[in-house]
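Here is the structure we will look at, set down as structure tokens.
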Amino acid sequence: MKPVNHIKIKKQLSVNELVKQMSSAGVLGAGRLGKVVNICESMIKDKQCKVFLGLAGPLVPGGMREIIINIIENKWVDAVVTTGAALTHDLGEALGYRHYQGSADADDAELRKKGFDRVYESYMPNKIYEGMEDFIAKNFEKFKGKKSIKDFLWELGRLTPSKSILKACFESKIPVFCPAISDSGIGLMVWGQLAKGKQSETRAFEDLKEIIDIAWTAKKTGVIYFGGGVPKNYIQQAMQFSKKASYGVQVTMDRPEPGGSSGAELKEGISWGKLNPDAEFVDLICDATIAMPVIYAALRERL
Amino acid sequence: MKPVNHIKIKKQLSVNELVKQMSSAGVLGAGRLGKVVNICESMIKDKQCKVFLGLAGPLVPGGMREIIINIIENKWVDAVVTTGAALTHDLGEALGYRHYQGSADADDAELRKKGFDRVYESYMPNKIYEGMEDFIAKNFEKFKGKKSIKDFLWELGRLTPSKSILKACFESKIPVFCPAISDSGIGLMVWGQLAKGKQSETRAFEDLKEIIDIAWTAKKTGVIYFGGGVPKNYIQQAMQFSKKASYGVQVTMDRPEPGGSSGAELKEGISWGKLNPDAEFVDLICDATIAMPVIYAALRERL
Amino acid sequence: MKPVNHIKIKKQLSVNELVKQMSSAGVLGAGRLGKVVNICESMIKDKQCKVFLGLAGPLVPGGMREIIINIIENKWVDAVVTTGAALTHDLGEALGYRHYQGSADADDAELRKKGFDRVYESYMPNKIYEGMEDFIAKNFEKFKGKKSIKDFLWELGRLTPSKSILKACFESKIPVFCPAISDSGIGLMVWGQLAKGKQSETRAFEDLKEIIDIAWTAKKTGVIYFGGGVPKNYIQQAMQFSKKASYGVQVTMDRPEPGGSSGAELKEGISWGKLNPDAEFVDLICDATIAMPVIYAALRERL
Amino acid sequence: MKPVNHIKIKKQLSVNELVKQMSSAGVLGAGRLGKVVNICESMIKDKQCKVFLGLAGPLVPGGMREIIINIIENKWVDAVVTTGAALTHDLGEALGYRHYQGSADADDAELRKKGFDRVYESYMPNKIYEGMEDFIAKNFEKFKGKKSIKDFLWELGRLTPSKSILKACFESKIPVFCPAISDSGIGLMVWGQLAKGKQSETRAFEDLKEIIDIAWTAKKTGVIYFGGGVPKNYIQQAMQFSKKASYGVQVTMDRPEPGGSSGAELKEGISWGKLNPDAEFVDLICDATIAMPVIYAALRERL
């Protein structure tokens, strides 16, 4: 049995040194954060392992966009699954809009008048929809024949006028999946075109083959989840029907007791054949905007 | 200012009488549960109002299937949006499988060997996938030309051999949407057919027109959410691009602080134009398997 | 393995019938609520068992006062441990004040001006302190020689001008413990007297003998916790140093992961010798103001 | 309105630089953590301000002991309020025991046999009680005349054979309060002496004068809470009856919705007169073992 070592802070500690101290404390949030970084390091360094990254929640309005782009550009992961909202926020910024620091106690009717959409305590300018509408309308013909959502998204990334998560995926040839893309601002912009009589050929089930193939053809698989939702579950089911994950990391504020997939502990996946019983894995209960920068900064030093 | 009235329990209290007492207490979980029932009653009774029901989480493994079927058969709601998992659990039961009472502390590797997939403390027999595969394979041709996910699901409901949520939707002509259907056991069964070279014509963005039209053509709209995820967000965005909700009810264990859509307070929707500033609405933090039966039993007495 | 039975709601269902249905569903919040009632029934009916009730959180501002008084008057429990805040709210109401229905979004500076203290969405009139000060000042001599907090509280209950939790404890001769009584409005009123040069002889450690003796001399013990905090922990440690609980029920919104006593799962107590490994026990994650009336109403029908 | 700046991670980032980036992102967990550090810096630097530190939860088993000792030795705070459990864990380590890294899924009956008490995923050797019993028995006479809990605790700190939180408080002359000291292992050891017929003169209400005086005589006050419980509430009520806090920081995993004091947002304190409406304050939802080292490391660089 290892003792809990008390964290000692010397001056000008680097983030990686702090995380090592947390790892040596070894328990609760700190210990788990330390373990998260160790497992991420292992799975990224493991040449045989394909890494699947699931992203849900307000990561772009929360200031995580640059880090996500770096993760993709570093090719630390082999596939990304995300929400339509994340891609909408990302596209909005690529089109020149920003998100703003606000208050969770704001008067929402007032914000409505001023043209800001609230995401807890960050604000998105409602004008973003105009910019996106123009952008999608102008480029709609280019989505012709994009039968899978992934191909639709890569094309969107290709078209994106400046650096973005989608562009990074396209340029680094990292497949990006978003099963519920219709549930997003981007989806609504496509609807705007359909409402004008245009057609979309993008199919609902098409991507399943590709994501399952990535796992199927890998020697090993690893999963990293920030938030739950469809991204986590979609990766989990790809593991179930191909190759159980050998590494697993989950960072979420959801809890297991309500029984939903988002908050389910990773170990539950062992019963489903989603996670290898011998896997290295850890669940961390933490706000993603705190955990992600710490994890990335520590990994950056190590990798 | 109304005083908090202390709840008084007389013998053989009906659920509806209890809820009225809670409403008269007026604060915290009890007060909110009372308000949930009052608002549901108002929106269901309001002939001008189209009601959208969002369902996420393990409602079928949690024993809520009969209640959901009743809600649909009663035509209390005009559209249902749900997760693929809920429909998979529902289909599994329609095919003769059951879910089982288990333990959150189970040995997951042992469960794996015994053929049970754990959903917190309920178990799903893994054999369900065999039954579903046969069922989908046998009927795959019938999904031909089902261009929208809703049409795909109605057909699935029509084909379902016994009472089910999907069958109730089909028979009552209640549209049922599931943007992330590919993220589910049903999705995987379709993938099984695609992997054999078959084709699915079901399109990713197709349903948006129908759900937005339902809201657009309504005099008023109301929303009821059990859980968050895609179902909630998909309804929310339909409101945003058509008609702000006049009534809103949310039951969830997710919290607003992480900033995701699932836990966002309904009032946030005012800034987006998803909720009318004058709407009657309430957020309730409660396990859905506790709240739903209480709400349904109270409404059943009132309606 | 028992199947999950879907809850069926017939018209004018009594609360107890609903709880039985939940018990038959058997999983998640509903199943746990069913189990809570079954275990409470067992421990209260068990003549050999001394029952310890721990109460924390805003139960009085939340409308639970009448139910708590009934539990005590029914002699369903043999000892009560609570927070100073609960007793302060209780005393306030016994002195003729009420709590009010408010809003969690209120302007707190405005409330301050109007003389209301906010407890999430209920309000307490600040005048309560004046009434309590008069009451304590007038009666201060009567606390002379009350060496234990329990004796102090029974005397307070005796003096209380109308029905109250404290009065019910005094009249039913149910010991009531409150280790952190100094951390409350009542504590502050005593401080007001000390500040004027008076003396309090009430001792910090005195009650430990009595609470441990109750458990020590019992054939069996059972614990019921609404909320965590000092009340839960104080009972837990009494079990540890006397007789492991044979029955355990916990209702809380706190979670185990931060590692604190409030959210700790009951099973953790087995390692400490606080809970019998063979005990019947269950943890329920639920707002106390929802769970308590349901539990009480069901028990009322059964007992 | 300030834009959300995306966090950029350069190699070998110090913790303080990371926190500055978080502060510049400005929203959600990251932004709030940034704000926590800024407000702590302000209140500690403010010579007119007396700082009250509330500590609850498993900080010692969680590896935070060294940091807490440093905070006290640095004299960053003017008063400490904590739980009896924290002091018990601290005393245990001062007597030569350690806490151990364990598992939340451990077999608690097995742990019981092996002599380990589980605190979520850390283990405390049960032998700690023997060491404490000897220590308290041997020194019991020295507590004679210690009429306040604070004096009792300072004496305990004085007697402690090696570095500890209590010893640091004693040596730095920082008052340490623990209203619910009887609710702890230390309390149980005193009970052991009382059970043998000895007497304790320590009084329940005695400390109120001292803590309120500290606030009363200060020009300004500031509060820092890790966890809620009695420590937070005891400081809050001291503010209410003396001088509203001008600075406030709260780090907790508890939530406001259940309405208890632990999870209450700091702004609620404005209605009570506990917090100045003009105060700088922030609530952070985060595991204390993650937040505390980050905050301390950043402050260490700044102060």
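When the chains are written out, they are named A, B, C and D in that same order, and each has its own residue count from 1.
Criterion: a residue touches a chain if its C-beta (ideal position, glycine included) is under 8 Å from a C-beta of that chain, and two chains touch if they have at least 3 such contacts.
Keep in mind it's a predicted model, so treat the numbers as computed, not measured.
*Asks:* Which chain has its C-alpha centroid farthest away from the centroid of chain A?
*Replies:* C
*Asks:* If you tally contacting C-beta pairs, which pair wins, A-B or A-C?
*Replies:* By number of C-beta pairs in contact, A-B is the larger.
*Asks:* Using mean CA coordinates as chain centres, what's the chain A-chain B distance in Å?
*Replies:* Each chain reduced to its C-alpha mean, chain A and chain B end up 25 Å apart.
*Asks:* Take the average of all CA coordinates in chain A, do the same for chain C, and state the distance between these two points in whole angstrom.
*Replies:* So the centroids are 43 Å from each other.
*Asks:* By the touch rule stated above, which residues of chain C touch at least two different other chains?
*Replies:* Each of 27-29, 58, 61-62, 105, 120-123, 253, 255, 257-259, 267, 285, 287-288 in chain C touches at least two other chains.
*Asks:* Please give the residue numbers of chain D that touch chain B in the complex, ascending.
*Replies:* 27-29, 105, 255, 257-259, 285
*Asks:* For a test of understanding, state which residues of chain D touch chain A in their complex under the given definition.
*Replies:* The contact residues of chain D facing chain A are 1-9, 11-16, 18, 21-22, 25-31, 33, 58, 61-67, 70, 98-102, 105, 120-123, 253, 267, 285-291, 293-294, 296-297, 300-301.
*Asks:* Can you tell me which positions in chain A touch chain B when the two form their complex?
*Replies:* 56-58, 61-62, 85, 104, 106, 108-109, 111-112, 116-123, 126, 149, 152, 179-185, 187-188, 190-191, 194-195, 200-209, 212, 227, 229-230, 233-234, 237, 240-241, 253-264, 267-273, 277, 287-288
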